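The letters A, B, C and D name the chains in turn, as written, and every chain counts its residues from 1.
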Amino acid sequence: MVGQQYIRLLDTEPWFEISILVGKKSAGKLYGEVTEWVGECDPPSYIKKMKVEEQVPLNSDVDLLFSCLPSDAAKEQEGLYARSYPLVSNASAYRMEKDVPVLVPEVNSNHLGLISAQKEGRGWKGFIVTKPNCTTAGLVMTLKPLDDLYKIKRVIVTTMQAVSGAGFPGVPSLQIIDNIVPYIKDEEEKLIKETKKILGRIKDGSIVDNELMLAASCNRVPVIDGHTESVYIEAEKEIDVEEAKSSMASFKGLPQELKLPMAPEKPIIVMEGSDRPQTRRDRNAGSVPGMSVVVGRVRKGLDRNSLQYTLLSHNTIRGAAGNAILTAELLCKLGYLER
Amino acid sequence: MVGQQYIRLLDTEPWFEISILVGKKSAGKLYGEVTEWVGECDPPSYIKKMKVEEQVPLNSDVDLLFSCLPSDAAKEQEGLYARSYPLVSNASAYRMEKDVPVLVPEVNSNHLGLISAQKEGRGWKGFIVTKPNCTTAGLVMTLKPLDDLYKIKRVIVTTMQAVSGAGFPGVPSLQIIDNIVPYIKDEEEKLIKETKKILGRIKDGSIVDNELMLAASCNRVPVIDGHTESVYIEAEKEIDVEEAKSSMASFKGLPQELKLPMAPEKPIIVMEGSDRPQTRRDRNAGSVPGMSVVVGRVRKGLDRNSLQYTLLSHNTIRGAAGNAILTAELLCKLGYLER
Amino acid sequence: MVGQQYIRLLDTEPWFEISILVGKKSAGKLYGEVTEWVGECDPPSYIKKMKVEEQVPLNSDVDLLFSCLPSDAAKEQEGLYARSYPLVSNASAYRMEKDVPVLVPEVNSNHLGLISAQKEGRGWKGFIVTKPNCTTAGLVMTLKPLDDLYKIKRVIVTTMQAVSGAGFPGVPSLQIIDNIVPYIKDEEEKLIKETKKILGRIKDGSIVDNELMLAASCNRVPVIDGHTESVYIEAEKEIDVEEAKSSMASFKGLPQELKLPMAPEKPIIVMEGSDRPQTRRDRNAGSVPGMSVVVGRVRKGLDRNSLQYTLLSHNTIRGAAGNAILTAELLCKLGYLER
Amino acid sequence: MVGQQYIRLLDTEPWFEISILVGKKSAGKLYGEVTEWVGECDPPSYIKKMKVEEQVPLNSDVDLLFSCLPSDAAKEQEGLYARSYPLVSNASAYRMEKDVPVLVPEVNSNHLGLISAQKEGRGWKGFIVTKPNCTTAGLVMTLKPLDDLYKIKRVIVTTMQAVSGAGFPGVPSLQIIDNIVPYIKDEEEKLIKETKKILGRIKDGSIVDNELMLAASCNRVPVIDGHTESVYIEAEKEIDVEEAKSSMASFKGLPQELKLPMAPEKPIIVMEGSDRPQTRRDRNAGSVPGMSVVVGRVRKGLDRNSLQYTLLSHNTIRGAAGNAILTAELLCKLGYLER
């Protein structure tokens, strides 16, 4: 699923081109023969004709690897590849390592500062940068401007997550038609840990977690793409609703400044309609479809220091391949891919 | 919709029988001709042959009226009928009146004490008892034993509500297939007000609202029946998770004591499976389908005094007709229907 | 899935009780620990506590086996068990064997006459009776009275099949939400062959296929339970629409005559409403939920000898476990289970 | 719904621009205030700011009107407007008039020859051209090359139609989640009549219907966009499957020859995968999303002269606004819009 989303997005992305496809089970065959393409239309024809390789040769002229290996394989494989190549990973294997950034480029581009220590400490020529879990990406984007203004203390979040988040074959239809499953394995733990790390600050060359506390309830719902999150926050300072909205609406990061191709003009789109954001209607809103987080229903919480809102984030774009490609563009622009 | 659920449930309920059907638009026609039956199978055949009346004659021998009038019509009509008849109402028109109970029979049967004052104050021979909004019914049931033990201070709840809650035709399919709508008109306000009233105490013949504070986010999701609610509570006292679970699992009320026909053996079913309750699978759990609230994922919150859990409540049974019929059974058993 | 449906239906069926559960992967464990129960509520508690066995001992006092083995395992295993036991099979492995009946009890109970030849020819003490594919069961039921009256020549059928027909995990949600898949592997072939066999006649101790011709297009659609089939037939004789309807509405078979517990009063329910049968609304219509085939929209075809209609059949009840249990009841009543 | 699709498509179409919006109920207000936009994202901002007019002034410089009036209003209003303007209509009101073409531009562009007689006979300066019902558009496109080669005698078609075909609010969610409705009012009659007309030939200045016979069963299924049709045809001549496929795959019409902007390179895309076309995956296939009809599962029927296949056609694009805009482009290119 995520690999397919990479192929789709990179097909029109201007800076990168796919020079090698690697897959264990399908090695030696043509991509067009082995893929069970689940998205709209078919893969681009030049990709269908590419042979899937068993591994990347260690001395190729590839500039960057995107990895969407399963967690268990990622630990070993990604480490091997990082000896030679810059690697942007979808897997969770290295996310919690002290010297590895979990990047949402608009939020914590400063964490790329860890790379040099990572290379040195591990004796790698390449390095690993990870992207967060699909649920985390949308949440941290909206928390960032609020934390900057009000210093967030507690977050209580309930998610309603799309089936594409579980990959393919993923969620059986018998488990989700006319049904909600109030649990997604390991999701709440990842959401909590990653949010604290991404919103953390660099101190003495490593990340100090943000001290906010999170409680999360993750639910699977019968929608194809787009995670909706109902968020309640409490902050140290008093929150003004209009100011909070405008801090999100005007939020920008390094990708916008550098005009990276995958960077949406507005990382956060704040909607005024009382019944927005809606999954199917809004998941592709903005200048780069699927890359903006859409926020609505921003309103007071139970006291002066609290706030409620609903966010929608496209889980396979901002929550996966799109965020990783934006990260790669940032690495490229900042010179991290130069040899 | 709710009228149809009454017909379905009363068809097998042992104490009551339907002697008159009243409807404005369909008056004069046979029920079988005018109803757009949306549930499984067809209406019972004796009901299909009943003529719909324009109104209940004021001196009939009817013992009780169930009203599921639209809000605006309810204010006037229900007041008229209550001059002559006991009336259990689905409408919100009278819910917030000081002398009218909003009843969840297991939770606040003591509020029936308001009836005598209501009759006296208004000069009615009959009276009005209301049932809460479908979202409130499930929530207050689970809050009651916890409030008794720990004195709840704050509740933060996110709901995922079934389309049947919007009646018929209700939610257009174009608005809900592969979609979530993060807003239901007036729902959050009702949930907040009603919960405080139902959990309130009687003082000097009227209800003093419970002082807990609620924040609610109500969402419409693509399921047929069954409202799921993700609940976070903070209490005055420290909460022990196992004790909290057992207080819910063993919770009983007057309906269980009196062995009313519509009373489920367990008003709250606590499930242990990590991925329960699930809407389609669990909405009819328990000895009286649709009447039990099913709770799962009970776990610690962010501090010692807080708790998280997920509940599922059947919105057209416990959340509507079923709760109203149980209320009627309670009124009957306690002698309120005697002339 | 089918095994679960057996457990659910046998829990209330009066003639049989489950004395042994057999499963390869789960052998040695308790059923409650290994089953991924996908239906409503939970398995009956006595079943949850039963240990799953690796196989049925060959000299037990079990009267009958229900097999829902996967096709490949069925060929060998069912043959082994049939040496000792009567066996009613859900699998397709033996369906096309000349001496094995594919039974829809109302349609071809006379095919049970093959059993004695089967036992003799194979040297078995037991025997195998199969039930047809879920799509076939509904179709042959409606074709039977029409073939008797008009001698059907050609059938053109398009199916819209529920996801439960594919078992568990079965159809991935990503493949069926907001989607139709116009193909189900091997389904059309089975539907064609089985229909001809079931409607065939016995001649000289074996079945001569019915000579009607079938063209089938099988589609997977996003509904949970219930296969809808749009049927066009051409016959040798002129068809009177009203007569055709009443022949279906009054159709009965041996199970109705013998008043078998799982036999619905009306094997075929003919509905008059222009928009019926509807899947969710009508799949459980009739005196034994899920056992009646519901027919609607009966109307003329393109010439005097042709007819069109829509049918709905519950795929996991009449199309699987329910039909098999009814078959077992028939075998029991007719003395085939006596030792 | 259809109006919204016009706005979306015309926003990028190069030849036309929207100069006036007309609506009865919303007259006098801004479009952005009155529309209940149901598609992805929001309407273009210049459209949101346009005032909705009560009617088109009879002497404006508008070149062409697109009408998507409800059937009853269309009869009168469209006739009035056609006195002054060329009008392309979505409504069924004029479709069956002898001098009014029902156009699928690739199939029957020669029917535009009726326009001069229509203007003369009715004394209009303008004229009316209609587009067919959404279900007809896809079917006739695929029948055209087959009829040319084999002379079709009979067509038996079962449709599985998307909810967007019913407009907004359209199909209630309670009627379609986990459900199929085997009936759509007037749809089968329209499909039958329109197909015969569109495939008819011009003789002595009017259309002689094609003599093929159609039987249709129309079903509503829970998908958002895209009508799937399972087609069985019988022809006068023997059909070679491979030839039939290549006749569809290579089918082109005047719009392709004239390189009209909305004309897809391939009006019919023939897919080889056994499980294609799939609704969500293929409804936007081809060079102009939603304008190609996608065909799959082409295979023999019951005899040499028959053929089966499945088609998918985007109901709000090729089946509505897209087909109408392509018609307008054809009218423009052929000089029909000149004054």
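In this text, a contact is a pair of C-beta atoms (placed from the backbone, for glycine too) under 8 Å apart; a residue touches a chain by one contact, two chains touch by 3 or more.
What you are looking at is a predicted structure, and each value in this text was computed from that prediction instead of being measured.
Farthest chain from subunit C, judged by C-alpha centroids: A. Judged by contacting C-beta pairs, the busier of the interfaces A-D and A-C is A-C. In this assembly, the C-alpha centroid of subunit A lies 48 Å from the C-alpha centroid of subunit C.
Between subunit A and subunit D, the centres computed from C-alpha atoms are 41 Å apart. Contacts with at least two other chains are made by residues 38, 175, 177-178, 222-224, 280-281 of subunit D.
Listing the residues of subunit D that touch subunit C in their complex gives 154, 156, 158, 160, 175, 177-183, 213-215, 217, 219, 221-224, 228, 230, 232, 274-281, 296-297, 301-302, 306, 308, 310. Of all residues in subunit C, only 1, 38, 163-164, 168-178, 222-224 touch subunit A in the complex they form. Those residues of subunit A that touch subunit D in the shared complex are 37-42, 177-178, 224, 280-282, 284-285.
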